[in-house]
Amino acid sequence: MSVVVTRVERVDTVVVEQYSGLGVATLHEAQGRCGLLASYMRPIYRPAHIAGTAVTCEVAPGDNWMLHVAVEQCQPGDVLVVAPTSPCEDGYFGDLLAESLKARGVRGLIIDAGVRDIATLTEMNFPVWSKAVFCQGTVKETLGNVNVPLVCAGALVNPGDLIVADDDGVVVVPRVKAAAVLEKANQREALESEKRATLASGVLGLDLYKMRERLAEKGLKYVETLADA
Amino acid sequence: MSVVVTRVERVDTVVVEQYSGLGVATLHEAQGRCGLLASYMRPIYRPAHIAGTAVTCEVAPGDNWMLHVAVEQCQPGDVLVVAPTSPCEDGYFGDLLAESLKARGVRGLIIDAGVRDIATLTEMNFPVWSKAVFCQGTVKETLGNVNVPLVCAGALVNPGDLIVADDDGVVVVPRVKAAAVLEKANQREALESEKRATLASGVLGLDLYKMRERLAEKGLKYVETLADA
Amino acid sequence: MSVVVTRVERVDTVVVEQYSGLGVATLHEAQGRCGLLASYMRPIYRPAHIAGTAVTCEVAPGDNWMLHVAVEQCQPGDVLVVAPTSPCEDGYFGDLLAESLKARGVRGLIIDAGVRDIATLTEMNFPVWSKAVFCQGTVKETLGNVNVPLVCAGALVNPGDLIVADDDGVVVVPRVKAAAVLEKANQREALESEKRATLASGVLGLDLYKMRERLAEKGLKYVETLADA
Amino acid sequence: MSVVVTRVERVDTVVVEQYSGLGVATLHEAQGRCGLLASYMRPIYRPAHIAGTAVTCEVAPGDNWMLHVAVEQCQPGDVLVVAPTSPCEDGYFGDLLAESLKARGVRGLIIDAGVRDIATLTEMNFPVWSKAVFCQGTVKETLGNVNVPLVCAGALVNPGDLIVADDDGVVVVPRVKAAAVLEKANQREALESEKRATLASGVLGLDLYKMRERLAEKGLKYVETLADA
Amino acid sequence: MSVVVTRVERVDTVVVEQYSGLGVATLHEAQGRCGLLASYMRPIYRPAHIAGTAVTCEVAPGDNWMLHVAVEQCQPGDVLVVAPTSPCEDGYFGDLLAESLKARGVRGLIIDAGVRDIATLTEMNFPVWSKAVFCQGTVKETLGNVNVPLVCAGALVNPGDLIVADDDGVVVVPRVKAAAVLEKANQREALESEKRATLASGVLGLDLYKMRERLAEKGLKYVETLADA
Amino acid sequence: MSVVVTRVERVDTVVVEQYSGLGVATLHEAQGRCGLLASYMRPIYRPAHIAGTAVTCEVAPGDNWMLHVAVEQCQPGDVLVVAPTSPCEDGYFGDLLAESLKARGVRGLIIDAGVRDIATLTEMNFPVWSKAVFCQGTVKETLGNVNVPLVCAGALVNPGDLIVADDDGVVVVPRVKAAAVLEKANQREALESEKRATLASGVLGLDLYKMRERLAEKGLKYVETLADA
C-alpha cells in the first residue's frame, strides 16, 4: 500500500531557526557522531547552508510521480528528502519542481539519486544535495510513500526530523533530540572558537589536549632516524 | 585495420546554431529520452554550454596518438568525441591539444577518459567534459580510428551527429533527427516556461497536470498518521 | 611499534621555491611519468597550487590521533601527507588542525581519506587534496607512525620528498631527484610554451611532431567513407 | 553513550523455523518489496541459506571490540548483524569469532564490512554475507552498541527482527510482520510453482498474465522491420 | 514510440553451432579486438559457455514488463540481451522467466542489470551473465523496445548478432562478420595450441616471438642491480 | 629509462617452504598489520594458496610486452607480481603466458589488472589473483621495468620479497623480515589453535581475553531495554 501521511510533527520553528549558523560537522559531533548521510551526497553549488524540517518521499527507480504528491505536503521551512527504493541516478528533479517547492517556502532538496537543470537551480539559488547530476528522465507510473520513515543515503530519516546541509554534506537530527543537540552544538561552537584561537597562536594540540603522556604510555617512540626504531 | 574517414556528413550549420540556447535535459526529453552519456561525464568548469558536430576518435588505453590525427579532421563548429577501447583515466588531453583545436574552431572536447592542465583550459575558456582529471601521460604507439561510429560513456555516437553539453552532462542527437528534435525542443521550451510561471505562482503540479484522479485509482491513500494506514 | 622520526632530510628550500610555478602534469612528465597519486585525490577548492616537503603520517581507520603528533614535526614549507592503514573516508581533518598547521607555516594537506569544514578551510585559504569530503568524526585511541615511508593514494612517499599539488592532482618527486627534475621541468616548460604558440597559429601536431610517415608505416589508412575501408 | 540491550523480543522460534525453505526473493516480494540489503552483500560460499533472529552490533571503523560483547548476547537461532559507523572493509571477523558464535548456536553473520579466514569458515560451514573479503586487522579500543536499531547496507534492522539470507542476498523482515509475511510468502510459493510448471510447458507470460491488451493500450507496436516503425 | 521488431535476420544456424568450442578471448582477438562487454558482466555460475543469436530488449529502470514481450520473439538458439535505459541493478529476471526462455530453447541471458533466484537458475543449468545479483522486484508499467539496436554494458548489439559468453565475459560478433570471424578464430585456435605446446616445453616467448632485438632498439637495458641503471 | 634487474636477492628457499601452511590473515598480523594488497585482489578459483618470491613487472596500460621479458627472469618458486602505471583492467595474461610461467616453476600470478582464459587457467591449476577478469587484448609497444620496486594494489613490493596469497587475498612480507615473521606467525598459529578450541567449548572471548573490566571503565552500560539507557 502507498500512503501519504498528512499530519507530521515537526521540530519547533524557533528551534529550527537557531540552527541556521551551525555546520554539519558540529551537529554530527554534538549528537554523538551519528546521523550523517553518505559522503557521495554533494551540493550542486557552493557555498550552501540550509536547516529545515524533513518531508520524506520514497520513490520507485526512474519514477518521480510521488515528488508531485510530496510538494503539496511541504510547508515553509521544510526540506524535501527523497530516496528511491533501489539505487538509481536518474534526474528526478529539475527547475519546474524547484519552482513549486520555492513557491511553498521549501529550503532545499536532499535526494539519493540524480538532479538536472543545475545551471538554472544555481541561478534560482535553490540548493540541492544529490548523489548525481544526470538528465535521465523519469516516468509517472508507480506509487511510493510520503512522510514515512525511510533510509536516505544510509541514514534513517523520520518526517519532521531536522535536516542540516552545508558544503560538508548532510546530517539528520531526530525531532525529539533537536533542542538538546542545539544546546550541545552551541557549547561546542563556543569551545571550538576558543581552541581555534589558541591553536592559531601556535600552541600545539599535543599540549592543549594534554596528549603526550598517554601517547607515551601507549608506546609511541620518538627516534632520530628509522634505523633507530 | 585503422582508418580515418575524411568525408563526414554533418548536421547543417544553420540547424546547429539554433541549438545554442537549448539544454541537455530538454534535448534528451525532446528526442524521446535517449542519447545521454553516463552521469560520470562532468565539465571541468561551470557554467559551460556547447553545441557542435561530432568528430569521433577511438584510442588505445594510455595512447593519445590518434588525437593528433583527429585534430586535422576537425572543422569550425565541431566537437571532438574521444573514447578508449577499454576503460582508462589517463590524461590524454592538455593545453597543447586544446590550442590546436581552438585554432581550428573546435567548440569543446568530450572524452571518456582523463584530461589535464585544467587550470589552463579554464583560463583559455576551452570546455571539456571528462570521466576524470588525471595527469597520467600517454604514449604514441598504437593506431585507432577517426570518424567511425563508437560508444562513448555508454552512448552510440556517429561522426557528424550533434553533440550538446552543459552543466548537466552530454547528449548526442543523431544527424538525421537534428532538425526534428530542434522543433520539438523549442516547443518543449515554450511549454516549460509557461508551466514554470504557473508553478511559481503556487499552483500545484498535482492540479496543473491533473494527477489526483489517477493517483487515487492506483490506490494512493492519504492518512493523518502512519498508524491509520 | 609506532614511531615518530624526528630528523628528516628535506629537499633544499631553494629548490622547493623554484617549483612554485610548475604544474603537476609537467613534473610528472619531467620525472619520467611516475609519482602521481590516484585521480580520486581532488582539491577542495580551485584554483590551488602548492609545492612543499613531505611530512608523512600513517593513521588507523577512523582515528586521527597521530595528526596531532605529526603537526609538531612540521616546519614552514612542509606539506602534510596522510594515509590510513586501510581505506577510510572519515573526516580526519577540519578547521582546528588547519589553524595549527597554518601557524607552523605548513602549505597544505594531502589526505587519502576525508576532510571536513571545507567552507572554513576555503575562507582560510588552506588547500587540501582529499579522497572525500565527509564529516564523520574520528577517535584518538590507536597509534600510527610519523615520517615513515608510506603509500598514499597508490604512490610511495618518503618523508622529505617534494610534493606538488594543483587543480590536476598531486605528484611526489623523490628528494634525491628534486634538483634534476626541476631542470628537466624548466626545459619542458620552455619547449611547451614555444610549441603552444606554434599550435595556436594553426600548425598541426601531425606536422610539428612529424608524425605522418610513421602513421603510414603503422598502416593508417585515409578513406572517404567507411565503406571504402 | 554505549549500550548493550540485554532483553530483546525475538520473532517466535516456531515462526522462524517455518522460514527455512523460503528464499530472499520471495520474502522481499511477500512483504511489499522492502527490506533488502544492498546488492554488494555477497555470501562467502554458495549455496547457503539461513533464517534467524537479529542480534545487532554497531562498531567503529577498524575496531571489532564490540563483536566480542555481542557474542554473549547471542542465543541459538540468532544471526549476528554488524554495521560500522562509517564505511569500512576491514576484516572484523575470522575463524575464532566463528567458533564462538557456532558454540552458541548462531546461524550466520551479516556484516557491512570485511571478513577473513574464509577458507576455514567454509570448512566450518559457517555462512557469512559481507561487503568484502579482506584480512586487514582491527583494534579493540572504541565502544559501540549492541542490540540497538541500526542501518546495515542500506536497510533498517531492529534487534529481534527476522533475517533471511541466501545466494541472492539478504532481507530483513520486521518482527511484528514475521507471521503475516510468512503466510503471504507461502501463498506466493504455491502460486509460483504452479506458474512455473505452466511456463515450462511453453505457455507465454503474455498470455498467462493477460498482458497483450494493456500493452496495446499503452501503444506498443509490432513491426516487421525498424524502418516500418 | 515503443516497438517490437518481429523479423530479425540472424546469424546462420550452421555458423552459430561452429562457435560452440570457441572462447570469448579468442573471438575478441579474431575480430580485431572489439565487441567486448564491460568487465562487470559476470556469470552466475562457472564453468559456463554459450553461443547464440541476439534478441535485444531495452527496458525502463526497475521495470521488467518488456522481458515478457521479448520472450515471445525468441527462437531456439537465441540469447536474450537486456539493457536498461539508465543504470539499474534491480532483479529483472528470475526462475519463472528462465522457465519460459528454456521452454523456447533460449541458451542464456545477458543483462546489464540484476538477476535473482540464482540458486534455482544454477540447478536449472540456465546461464546468466549480469551486472549484479539482487532481489529488488520490478514493476510492469513502462514500455521499452524489442529487437532494436542497443548499447549493453558498453557494447553495441544489433538483433541477430552472435553472442558468445563464457567464464571470461561476453563478446558480440556482428551478424555480417560472423562467418569471417569464425574462420579467423579457428586459425587462431590452431596457432595457439601449437604455441602453447612450445611454451610449455620451456621455449621463451622472447625467442618464439623474436622480441629481443626490438626490445633493445626501444632501449631496454639489462642491469645486475638498480644502482647500475 | 626501462630496465630489467637480473640479480635479485630472494628470500631463502628453506624459509619460503615453511610458509606453505600459513595464511594471509596470520601473516598480516604477525608482521604488525601491514603488507596487505587491496581487497579487490581476488583469486580466479578457490581454494588456492601459494607462497613464493616476487619477480616484479611494471607495465604500461593496455600493454603486456614486459610480461614476456619478466618470464625469463623467473625461477622455480617465484611469484610474478604485475602492476600497470595507471589503472587498467585489460586482460594482460592468459593461458599461453601461464604455460611459460608453469614451465619455469612459477607458483602463481598477482596482477593489479585483468586476466583472461580463466577456465583454462583453472584446469591448469595455475592460480591468479587479479583486479578483474576481462578479455580486452593488449599491445606490445611500450617498455616498462622488471624487478624494480613497485606499488601493487596499494602495497609496496620489492623484488625478492615473499608473497603469500590465499582465499582471503594477498600479503607481501619484506625479504629482510621473512625469517622473523615466520617465527611470529608460527607462534601465533599455535596460540590461535589453542584459543579456537577454548572458544569452541563455549568460553566467551569476553572472559578469555579478560575484557569486562576495561569495557566497564570505558563506560559500556548493560540495560534491559533502550528506554533504560
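So that you can tell them apart, the chains are marked A, B, C, D, E and F in the order they are listed, and the count of residues begins at 1 in each.
Please note the rule applied: contacts are C-beta pairs under 8 Å (C-beta built on N, C-alpha and C of every residue); 3 or more make two chains touch, one makes a residue touch a chain.
Computed from a predicted structure; not experimentally measured.
Chemist: Going by the stated contact rule, which chains contact chain A and chain F alike?
Modeler: B, C, D, E
Chemist: Which integer distance in Å separates the CA centroid of chain B from that of chain D?
Modeler: The separation of the two C-alpha centroids amounts to 40 Å.
Chemist: In whole angstrom, how far does the Cα centroid of chain D sit from the Cα centroid of chain E?
Modeler: It comes to 30 Å between the two C-alpha centres.
Chemist: I'd like to verify one number: the distance from the centre of chain A to the centre of chain D, where each centre is the average of its C-alpha atoms, in whole angstrom.
Modeler: It comes to 28 Å between the two C-alpha centres.
Chemist: Two-or-more-chain contact residues of chain F, please, as numbers and ranges.
Modeler: 1, 33, 36, 39, 85-87, 89, 134, 136
Chemist: Can you give me every chain pair that touches, using the contact definition above?
Modeler: A-B, A-C, A-D, A-E, B-C, B-E, B-F, C-D, C-F, D-E, D-F, E-F
Chemist: Can you list the residues on chain C that touch chain F in the complex?
Modeler: It comes out as residues 1, 32-34, 36, 38-39, 85-87, 149, 151, 154-156.
Chemist: Inside the complex, what are the residues of chain C that reach chain D?
Modeler: On the chain C side, the touching residues are 60-63, 85-90, 134, 136, 139, 141-142.
Chemist: Flag every residue of chain D that touches chain E in the complex, lowest number first.
Modeler: Going through chain D, the ones touching chain E are 23-25, 28-29, 33, 36, 39, 42, 46-47, 49, 166-169, 171, 192, 195-196, 199-202, 204-206, 209, 211, 215, 218-226, 229.
Chemist: Residue numbers of chain E touching chain D in their complex, please.
Modeler: Residue positions touching the partner: 1-7, 65, 68-69, 71-72, 89, 91, 94-97, 99-100, 102-104, 114, 116-119, 122, 132-137, 140, 143, 148.
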